Amino acid sequence: MSSGIARYIATRAVASIITVLGAVILTFVLTHLLAPNPAHIWAGPHASASEIAAITKEYHLNQPIQIQLYYYIIDLFTFNFGMSPFFKQPVSQLILVYYPRTLILIAIAMFISIIIGIYSGAFAAVRQDKFGDGIVRVAYLLTWSTPPFLVALFFQYLFSYYAGWLPSGQLADPSLKVPPFVTPILPLNAIIFGDWGFLSSYIVHSILPVIALTAISFGIITRITRSSMLETMKLDFIRTQIMKGTKMSKVVYSNAVKNSLIPVVTVISLLFSFLIVGSLVIEEVFSYTGMGYLVTQALYNYDYPTLIGSIFVIALSVILINFVTDVVYAFIDPRIRMGER
Amino acid sequence: MVLNTNDPILRLNNISKSYTGGGRRFLGFTQGGKKIVALEKVSLEIMKGETLVLLGESGSGKTTVAKMITGLELPDSGEIIFKQSKLTSRNRNSLARGKIQMVFQDAASSLDPYYTVFQCVSEPLFKSKDTIEKKVDKVLRALENVGLDESYLERNVKELSGGQKQRIAIARAIISDPDIIVFDEATSSLDVSIQAQVLNILVDIQEKYNFTYVFITHDFNVAKFMADRVCIIYYGRILEIGPSEIVLSDPKHPYSILLKNASPMIGKEYEDIDVMSPDEVYVGDSKLGYCLFYNRCRNRMEKCLQSEPPLFKLKNREVACFLYENK
Amino acid sequence: MERILRVEDLNVTYGESTRALRKVNFDLFQGEIVGIVGESGSGKSTLGLAIASLLALNKKVKFSGKVNVNGVDILNASEEQLYRIRGTGIFVIFQDPFQSLDPLVSIEDHLSEAYAISSDRNNVKVNPEQIRKAVITALKKVNFTNPEVILKKYPHELSGGQNQRIMIAMAILEKPKLLVADEPTTALDVTTQAQVLTLLKKIVKEEDMSLLFITHDLAVASMLCDRIIVLYDGLIQEIGSVKETISDPLHPYTKGLINSIPNESKKEGRLKFIKGMYIHNEVIDGCPFYPRCDSRKDECIKGIPSLIETRGRKVRCIIYGVEYERSDTTAK
Amino acid sequence: MALSTTWAFLKRMMRNPYSAIGTVIMILFFGWAIIEGILRYLGPALGFSNAGYLLLPYNPFSFNLSQSLVSPSLSHLFGTDSLGRDLFSRVLYSIPIDAAISVIVVGGGIVVGGVVGLTAGYYGKGVDQVNMRVTDLFLAFPALVLAMVIEYTIGRSILYATISLIVVWWPVYARLFRSEALRIKNMRFVDSAILSGLSRMQVIRRHFVRPALNTIMSYATVDLGNVILTYSILSFLGLGIPPPEPELGSMVSDGLSYFPQNWWWAILPGVVIVLIVVGAALFGDGVRDYLAGE
């Protein structure tokens, strides 16, 4: 049993590494081959001739292509994404500051989405074509079809402008000082320095973005859980369980849900991608300074190194999550665990 | 090329074929899969105009034999001689295509659901330079042979029943006037009343056109009806082969006997069935070097574990069992 | 003899118009093995589902009539009543051995749950040790020589025949009065089929269960059952003891079915077959077998012939007496 | 599709209220897109330079500062923006572009993904490995983020936006086509075709394309909405057509700074996006049921 799973994990790991290499090459093709004038976009729009010359030298842009690739790979794997011409900081430093902020939002939103999604999907499947099913379907259809910026505006209006319960934006109250950067995790820094005022303000300010992110993404899980439940409920073993005299609720919520979860696991990396995209826009609406803010700022200010560094790190995360879900998948399903599939 | 009537139309010489199952394919390599031997040094001859029945249960390798005969897959080792020339991946298209046809078990998937009956049946003629009228004529004749009339020509395949689809598949198989037609469990998914109609049609057209049939089945009764010669296979080995009258009425190999006793028959009782289960049946390695039926055999001997029995020649048949070593 | 099952005037349609069963009536007694024989479209699987209380799972289905198992009217029972009778009252073995067990649950958990349910129903407290013992005994009864090894396995690691034997072991642990087997050996090889059927027969007799055996294969039914019921287009065509029915079939369809099974070599002549084919939902006023029947008469389509008793058997054919069902029994 | 089958299809779609809503929205959306598109591009060629504005209540580009930030009313259904431009006219004016992009991107995705996926599934082994590694690679990047960066690199324009979207859109289709190819490969009619002497390309052309497309059609229909949604985000982020051309996404983003006082500016164009995407989703579900029932 264990050798089967070890072999499985090893194969998935190799596949992931190959995909990472592919991602390196893809971004290289983009930045060095497709870009009409690499040095110009690397340096930013306001660069002087001497700055461009410096950039050309620094990124080895006047060297043969294979040398460029060599330095590019070395740079990426040492997380050296260059200097941001806009923020005037190393890109890796920027990512370290901004990415964890978004990851916290995404992790919480993902957790809630999965819970809501599985519950509402199972709820709808059990009541197929009845009123409850209809409500759930309309809800996920609407949230999933609504552009994230509109969802964000809706919640901003509802909870902030209309009800006045929550702040309309920002990472925390702007009058408070951000605690010094010790760890990349902002709330942890606040705890370390005992800055409870900042911590509570941060939490309150994070609620709306989390709600908006959850709203745009739970539909993915609902939809897949619902259809997978409906498929599973048709299978013979469900009927065997019923005929055994097992309580209907146990058949549905243990046998059927467990079996339906297998496809749900496979869409988690998709969910992550979706949340990353959503955070670009939602952070923009809420002026929340996370990864979305970083990327959009880079976009508006022609900050190419930041843009490339960011998408590379995002791709790395997706690949990593893919790998993790593959492994989780193997632990759920004995057929994979034993190398049968 | 003139074919001597006593020459086999197709001959399999020492064919071996194995698949890798259960493992994960990755980067072109298969990892952790078990090698499953589908055929181990199988030799067979198919004579012009006969019906050779391959009788066996699932996993016996009978479908693999069909794939070897038709050339849908190539053997790992051994050679296939079709009308005195060796079939290879290079020449099988020019030599065998259209000349060896196959009818499959699954009626639902054996015809393209987006085609009309005419398109399906006439597909084997796609290379010929026949005019459309000539093609229609040929299709009509083929349909008539399977008991369908011209009203079917423009009908859509997906509207047809299983039995009708199977007839269309037969019409399609005979239209190119093939040398061999392979039937892979062609009637086993049909209702028994429809199966009877289809089996009669097969016998009728064989008499009319002197077709050569390779008929694969797991059904003892169907085998008995169709066969001139029968070949019983088990885990990729031929266990018994010979004329059907003698092999099926008086099987010699312990497995053939079990197969006969286990086959359901109207009004019979199961006799002699061990309720013992084949829990630890063989699952796959080729070079075991003992009789694969050993675990389930009543007559097993010490000897059966020491080497794999070859086919021993009896009077009219061949049997792969040490019981018949010196007879 | 105690009556275990009574089916009365059972009509089933799918959606508005697809008829599945029409006016089905029969009884099944303690210790009996009854075979339901029919080809595709005969409604045999629907009958199995109706008796197994699983019909209502399909939302499009409409039904009327009564199915009485052990005094419980299955079709009109409450969810709670159904729950009480499933397992210990009725149990079903399904066709596909690879789909009838939850792939994520080990064999041990499958069987333990079954035993826990049945002891709970009998108000017997059992500890894990006793459960394990009972499970191992059941596995031995279905001829597993190494039950401890099998317990740890998952359904996908077992063969089809082994999975079906696990299903039989489940029945042993629950001791239902009525066991329904819906084509349990169709997916198996003939040698495995022989073993499973011999075992099934032995267990049914030993454990004093009754068995409703649904099959398309008349030969298999003839080898296993005490009585058989022949279905065509949702109507019972013939009911009788196995011996009489196969040696002297009354209904032309039963005759045709027996004749269609190959018995000799092609050299002895062609097979006798039933002409034409069954067309699903075809509109026929009268005997549904009329279009394919060799001995048809004009009287056949004046109405659906009644199931009449003759020679101690029942048959639905005007040869044995011109009598028709009242028209309201035809499901539109 | 023949006229009678189109009619039968529409009748079938109208039977279910959900797919009926979807069908009506899709007909309005594409119908308007075609009419307005023809007027806009054919009109100038025939000498009517303002043909594009013919059916609109107002000229979508003309400023009218006295009418700025008017809330929705009968004369201005969607209100006006800070420059007094009629938002309803601007929304209507932007629709042909959205429709064209959605069709081109989905079509491009089907063509590229079809070639990659069908060959991977049919040939298997090495071809499959290479094709699927590349597909996985593209799927590792969130589609919108990659499209954004590609467009940023090669240049901002409507053409480049479309190209970038196709580049990130095909991998999903490659996956779908591959699994279709694997399914069809197990169909016996493929073996029969090979035994009849058809070449591999002929087999793919005659027996793979149509069944695969049939399955993928309903996904593609829903996907039209996804493209519009994604494109609206690109345009929200300023990567669409440069101003003053109206775009649904950029209208929302422009209206953002006037939210919530002048809510209509940001909200109403957004609602139009929702309607179109919901319409495509409902229509796609209807198409799926229709094809399944066929």
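General observations
Per-chain residue numbering starts at 1, and chain names A, B, C and D are given in the order in which the chains are listed.
The rule we apply is simple: a contact is a pair of C-beta atoms (placed from the backbone, for glycine too) under 8 Å apart; a residue touches a chain by one contact, two chains touch by 3 or more.
What you are looking at is a predicted structure, and each value in this text was computed from that prediction instead of being measured.
The chains touching chain A as well as chain B are C, D.
Taking A-C and B-C together, the pair of chains sharing more C-beta contacts is B-C. Between the Cα centres of chain B and chain D there is a gap of 50 Å.
Centroid to centroid, with C-alpha atoms defining each point, chain B and chain C lie 32 Å apart. Looking at chain A, one finds that residues 15, 340 touch two or more other chains.
Of all residues in chain B, those that touch two or more other chains are 26-27. For chain A in complex with chain C, the touching residues are 128-129, 235-237, 239-248, 255, 258-259, 332-335, 338, 340.
Chain C contributes residues 52, 54, 57, 59, 79, 83-84, 86-88, 90-92, 94-96, 99-106, 113-114, 117-118, 121, 154, 156-157, 167, 170, 174 to its touches with chain A in the complex. On the side of chain B, the complex with chain C involves touching residues 57-58, 161-164, 191-197, 199-200, 203-204, 218-222, 224-227, 244-245, 258-259, 261-270, 273-279, 281. Those residues of chain C whose C-beta lies close enough to touch chain B in the complex are 39-40, 143-146, 159, 161-162, 165, 189-195, 197-199, 202, 216-220, 222-223, 246-247, 256-266, 270-275, 277-279.
By the touch criterion stated above, chain A contacts chain D in their complex at residues 15, 18-19, 22-23, 26, 30-31, 34-36, 41, 141-142, 144-150, 153, 156-157, 161, 273-274, 276-277, 280-281, 284-285, 295-296, 299-300, 304, 307-308, 311, 314-315, 318-319, 322.
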